[in-house]
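Look at the two complexes coming up: chain A is in both, with chain B in one and chain C in the other.
Our next item is the complex of A and B:
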């Protein structure tokens, strides 16, 4: 058994202080919030099939409407609705696609509405394509240069659910002049219920 | 006249005089003879190396690291392990019988006396057939379902044997392709049945007969090469049937 207190030596003190300084230096200067935490962005256009590893995604059509007419209810836009028709085909297993938002040229983010039968998420398995219609209520100045961001991870908490995962960003192809025309239009869109995409007319009727 | 001042000698008692001992050394307690070592004075040891002095902690370090890793990985067993098919309990060929046993927490929805208890579910299962079909039969309810473009449909026939009132909810009949793609993982099949291990006329989610047969339909990619059928009830246990 040792007797007496351990002596505080210059060598030990230097070791501890040096370790703390080295740790602080690493945390301060090594970019820990970039690289591995960023999602893998897959950019594309309307009609293009995007490979997200866990699914194939196609944004099939983009429309603008000031009114949504669903089966049970109708919804009037505060600004105007961007209606995005998309087709998901899972490639690994049953997958829930939670992430859906429109981003405008200024970086503002708009989340989907579930009014009038619009989808805010989709769920699909390998073996078939599943159709979903997302509706976003956006102001006039958000149309020009807007993109839609779709993924299996959620976009809450600064896209926390999409870190280190594939994310699709699709340019909606709306230019400044078209944005004015689209804003003036008074269209009514009836969102389709989610279902199999491109169902065969020659299939079984039982 | 010069006066010399001589300080008194330390330890010199009143009786001390010329020719006697000058007193106790500073480190020697009264009653101890010079040359003896007090019992609480540490005996100098040979200096041990750092590794020997910290041998106990060095042995405990990997244990502590293992405990810390286990404690921080609680999400694996708390959230990931119980949900999903992770533990293959038996593997047989199509046409052979497999025994699936696994515990689950019964809410007592179909059998009230089992409410809020952990129940061991045991069931014998055999894949009797697996084949592609061109059409889907009419569902028990709802509109007819067509095979979507870009898909093929498989019909999987299964034979089950279990004690009556065995809970069959959460049944998954999964087709696995050679590239690992899992088709039909959902507890609801392509015809909308949410009770895939029960006969269409079943009233609840528990078995009514000691033996019975079911047919389940699964959509798959046309190019998929199906190599396995998996049966589970939400997991983690499942059985595998190899497709020849």
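Our next item is the complex of A and C:
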């Protein structure tokens, strides 16, 4: 006579399989609460001062160039360079602004280059404005409707470094007709070295 | 009788166990081990355990674009030069450069190192090995260049250097010699992949391989997710070598005066 032997029953089998199916269905179809991970987007335009709580940001100028002429080297674009001059003013403490990315109308993402003295990040103490020039090598069809996304958090790993943090998204103001003209122009831009921003360029000289 | 309605899925299990027990009871230990091995071999057969492993490398030729991971790569030419941009090999050596047009066909930027993984140093052409560069105190960053002040006596010898690990390419713009850190989507760059090569090498062709890059969404062996993993050789070919500067070509443009001259 056997005691304590467990039997596999239709009822038990159905219970286990049903539980697994229900769990998979919940995970697959019920929307996850991603809202808590989203950054706080602060939208603006060129010349506008944007308050990101940890800093004030001004995109002071946007240019397009096919050649960058730096102090030590000159670089030719594979496509064309979007040159973004920006001014950062840290408001809470010493801050490194790592995030810099251009997004086109199709959602493609473009990261800055450090060729010819262009900045890929900026670092500022509170109390003064610090300028940086970002250069993005983009194809022709990325110009129309492009925006630049600047933040203290890194844009790598699907913007993981920008979760639940303020992010500036600035419309570069390039229309379709302007995009054609800008693409055909042969401009050479000399990127400014990082440094203190003048009041006319979004800083207050201290 | 009270258990009769619950006998459904239990029957197959009990029957199989009884059969196995009956057979196994009459076996010695060695026979049981042997039977287990045979059962395991039979079990893995449907999963292709006995399929012949074949090399799938397709031919690679200059002028023909190939798709590798996020890139479209068209090898334009191969050349040897005395120096290029900031790269100056030690006396007696020269640089081997593969000029290619590279386009990121994806939606997000890709790092230079990803391209470097796809095009490793050609084998058996006297590329100065990585270990030798370390010993010489040269810049051994992933795309580091050669140290012009290195000891000439440590030059790579033909044959002997091939056993050591070969360095990844230094990747520069073929137009102007600047360093391209990021390949943005939709932008075509004309790049030079450069290696220091022993001065005694005088071949007319090099074997060039392009490695397949596999996208790893979630790694099962590490905490890293979302990266390109070098896999097997996808393309292989012999490319003729020109003894000219790597940036030269019909499409050359831009501030080429910045680049080093042979």
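Here is the rule we go by: the second predicted complex is superposed on the first by the 165 of 206 C-alpha atoms of A that agree within 3 Å, B and C clash if a C-alpha of one lies under 4 Å from a C-alpha of the other, contacts with A are read in each partner's own complex, and residues count from 1 in each chain.
Throughout what follows, contacts are C-beta pairs under 8 Å (C-beta built on N, C-alpha and C of every residue); 3 or more make two chains touch, one makes a residue touch a chain.
From a predicted model like this one, the values you see are computed outputs, not experimental measurements.
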So, A:108: does it touch chain B (first), chain C (second), both, or neither? second
Touch test for A:197: chain B only (first), chain C only (second), both, or neither? first
In this superposition, which partner touches a larger number of chain A residues, chain B or chain C? C
Look at A:8 in the shared chain and tell me whether it touches chain B only, chain C only, both, or neither; answer first, second, both or neither. second
Mind working out whether A:28 is in touch with chain B, chain C, both or neither, as first, second, both or neither? neither
Quick check on the superposed pair: does A:186 touch chain B, chain C, both, or neither? Answer first, second, both or neither. neither
Touched partner set for A:129, first chain B, second chain C, both or neither: first
For A:91, is the partner it touches chain B (first), chain C (second), both, or none of the two (neither)? first
Please report the chain A residues shared by its interface with chain B and its interface with chain C. none
Residue ranges of chain B touching chain A (in the complex, touch as defined): 42, 134-139, 144-152, 180-186, 218-221, 224
Enumerate the contact residues on chain A facing chain C in the complex. 7-11, 13, 67, 69, 73-79, 106-116, 120, 136-139, 141-142, 157-158
Within their complex, state which residues of chain C touch chain A. 3, 6, 8-10, 13, 107-109, 173, 175-182, 184-190, 226, 253-255, 258
Enumerate the contact residues on chain A facing chain B in the complex. 3, 91-94, 125-129, 196-201, 203-206
